[in-house]
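Look for subunit A in each of the two complexes below; its partner is subunit B in the first and subunit C in the second.
Coming up: the complex of A and B.
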């Protein structure tokens, strides 16, 4: 049974479905823009991390260090791009 | 007939009709030639279906050279139009189309494939691998790039070329101001080629991180491999932005969305912003592999190891990060406040620091070296002073307050040509000459090569130096003509002469290829330059498996140590070698993508749906296909090795 249903993957699957439902609720429930955005951002990042670690086995090979370095690097660049854009296009216009 | 009206050129002229005839004749000649010489089978078996990184590299190279001439003809037309005031050679619309296609062709369809050509050919050899990590994906990358480039090129004769600049800023690029399908071509052709490039990025990162020869730690990798690793890292992080931006632009043009419109909540400036989020890293994608080539060439012909290996690596890592922090310097004048402009000014100037570190490392490598001036070395030596001119003016542009004066003048045009030509093009020509013997088994003529190098260097200076002055005098870029009283005439005349000198230089390179193919000796060693890294440790021509035995590495200059210090590279017995099978799917998928793009450009929805299904069918086929590759037996290896050893 354990081989057919590895607990880590099963839990991951349930969690990722839950995250999807929570994200979808933003569309169906009535909430303010700020709350909706927060819910979407949090669920998106947790979801991405979950997929990477549980289903794409990011931490399970000898390339662990290279993979995580790349992920953090990409994350840093994404944040810089988003906040830089907000600065140039909205906040400082 | 109404249906076919959409394919007509909205703004025809004799030049375009002549090109149609020329394209028709060339296609017929190629088909007739292949049939007459019975080469269809050869073409299919050896090239169209190949997954061998060396052959894919050569196909990239040929495409890049073809596009160099397409872009070069554009350039000559632009300079000819501006050579005298109030010239009537081209009208405004044609001028717009030509500078737009010139920019796209040169950056995306010439410089990029040229770089990827050298990366494909050299990196697996340099790290002692037998191919890239995903050979079939590599073939798909090539065919997507190639079909994207071809789709872009036919815009000239079918439906109309893009005319909103290579930057394609909205609202100009929106439906309101760009009515023809030209900008659709821009969005979709670059999209297709860009997806290919993104795949290359993933492929080469995996290859370099996973497939190095035993003993080659990261800090023992040759410098070109390092620069390729960093370049591909930037590709992986920058190209998705382009993909998304182009998709948004496509939707605005074809599906009536409002991302970049001026009303309904759209934001036209967002295009400029996103374009440069990709665009500035892109200029470093171009320059870093060029730096890698210079590092290889300079240490080979200064006959010593590269000075400051660690600082070279550190400066490239720093550049890769900083290159994502500076994009707003391309629109200092768009209206954001002093705070933003100051931040991006500082990051921009900071990027000159690691670039300077590299320049000094090369100078110090040369300093104690025994310099041999070959053609590749000549390009590298010419690069240093010329590129510095471009770099220094870049720092001038980077001061946001001063940029209000320089922005969108010929000064800017001079800046980026002075960095891209000495930086990227010289490097590619150096790399071409340097790796030519490994690729084709003979050397290019040195005398003609040096003539070409000098002509191109002089042509660059004559063509682009005057633009600094006319730019400071107020000549705007992208203006199709100017009046005599402006006094720009003389500068532009000199520029035109420089452009002609450049053209002669490039024609000389073609002549050199022809001349050397006919007359050069085929009796050369596998290491004709007395070089230092692994790509020269295997035979010429390189057998399809690259190395019969995988090399053992314990320094940054494995081959040099093998030659001078008696280090043994190849230990052990032959074993059977696992190689990937050829496949026609990447080529077919490329063709479907071409039809897909064409349908998209013209909004022909039924063919678009059919081709989309075709693309998914190819992917499904690949997922369910069982292809475990094939083995080359020990006897076969022995046979090849004996034959090749005899050849040397």
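Coming up: the complex of A and C.
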């Protein structure tokens, strides 16, 4: 039974729940928008990275470099799309 | 049974290895799909046209339950893949079944939430805000729905054919899809719900 619960994944799960609790602090505690957004950005991206490395085994095959290049490329384009849109449409720059 | 961790079953042929890589490239396109939805959401979230705002309709309890269900399902499918690598078909199928039940629970709460929104006057056509909100949540929900059927067929096939390089490869790719949905939900949870209720 014990072999079915590898410590690495159990730790990953505990960490992901912890990150959720930390993210929840923006709801339950009174903080400024800037502080709240910083907390959310950090917890969300750490959480995503955790899923990628611990659960999705992104680095285990010989295609590791191609997989990470693809993920970083997708992530870069996602950030350019989101922040580009914010710059042009919301922040009026 | 001796496990060769350097070469799990799902990577045992070149074709299988390339299928895993190909699926990662598909996920790259999925990242972009959700990025455009988020970009549009951030542009439109304050254009409520006299309809309800996010702060008025979001409720922490169902959102938190959905988050915990999906996070746990991401953990259990990870355990399923681990069991598969140990060659333990029974444990693997149990973990996959638990994953799908958690996914169905998530979907149930999301449907309940959608019904509540519509009752509160936040339908798809109410405002730019409700349109993009329901489109973003709905696109994720549709992915989960697809995943439920996909996962069910994977379970049936592994039951019927056993763990072969082919079925192991399909199961592993399904697990990538499921973890990805969890990643997308984390961003919805943080930047739509928590940001909206802050």
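The criterion applied here is as follows: the second predicted complex is superposed on the first by the 88 of 93 C-alpha atoms of A that agree within 3 Å, B and C clash if a C-alpha of one lies under 4 Å from a C-alpha of the other, contacts with A are read in each partner's own complex, and residues count from 1 in each chain.
In this section, a residue touches a chain if its C-beta (ideal position, glycine included) is under 8 Å from a C-beta of that chain, and two chains touch if they have at least 3 such contacts.
Bear in mind that the values here come from a model prediction, so they are computed numbers and not experimental data.
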Combined model on subunit A: subunit C and subunit B, fit or clash: clash
Partner chain(s) touched by A:66 [first = subunit B, second = subunit C, both, neither]: both
Which of subunit B and subunit C A:92 touches, first, second, both or neither: first
Winner by number of subunit A residues touched, once subunit B and subunit C are compared: C
Touched partner set for A:40, first subunit B, second subunit C, both or neither: second
Subunit B versus subunit C as contact partner of A:29, first or second or both or neither: neither
Touching partner for A:11 - first (subunit B), second (subunit C), both, neither: neither
Which of subunit B and subunit C A:81 touches, first, second, both or neither: both
Of the stretches 328-336, 400-408 or 616-624 belonging to subunit B, the one that collides with subunit C: 616-624
Interface residues of subunit A shared between complexes with subunit B and subunit C: 63, 66, 70, 73-74, 77, 81, 84-85, 89
Footprint of subunit B on subunit A - complex, ascending: 63, 66, 70, 73-74, 77, 80-81, 84-85, 87-89, 92-93
List of subunit C residues in touch with subunit A within their complex: 11, 17, 20-21, 24-25, 27-29, 31-32, 34-36, 38-40, 42-43, 60, 64, 67-68, 71-72, 74-75, 77-79, 81-83, 86, 88, 91, 175-176, 179-180, 182-183, 186-187, 189-191, 194-195, 197-198
Complex contacts: residues of subunit A adjacent to subunit C: 3-6, 9, 12-13, 16-17, 20, 23-24, 26-27, 31, 33, 36-37, 40-41, 43-44, 47-48, 51-52, 54-58, 61-63, 66-67, 70-71, 73-75, 77-79, 81-82, 84-86, 89-90
Residues on subunit B engaged by subunit A in the complex (per definition of touch): 209-210, 233, 236-237, 241, 267, 269-270, 273-274, 277, 321, 324-325, 327-328, 335-337, 339-340, 343-344
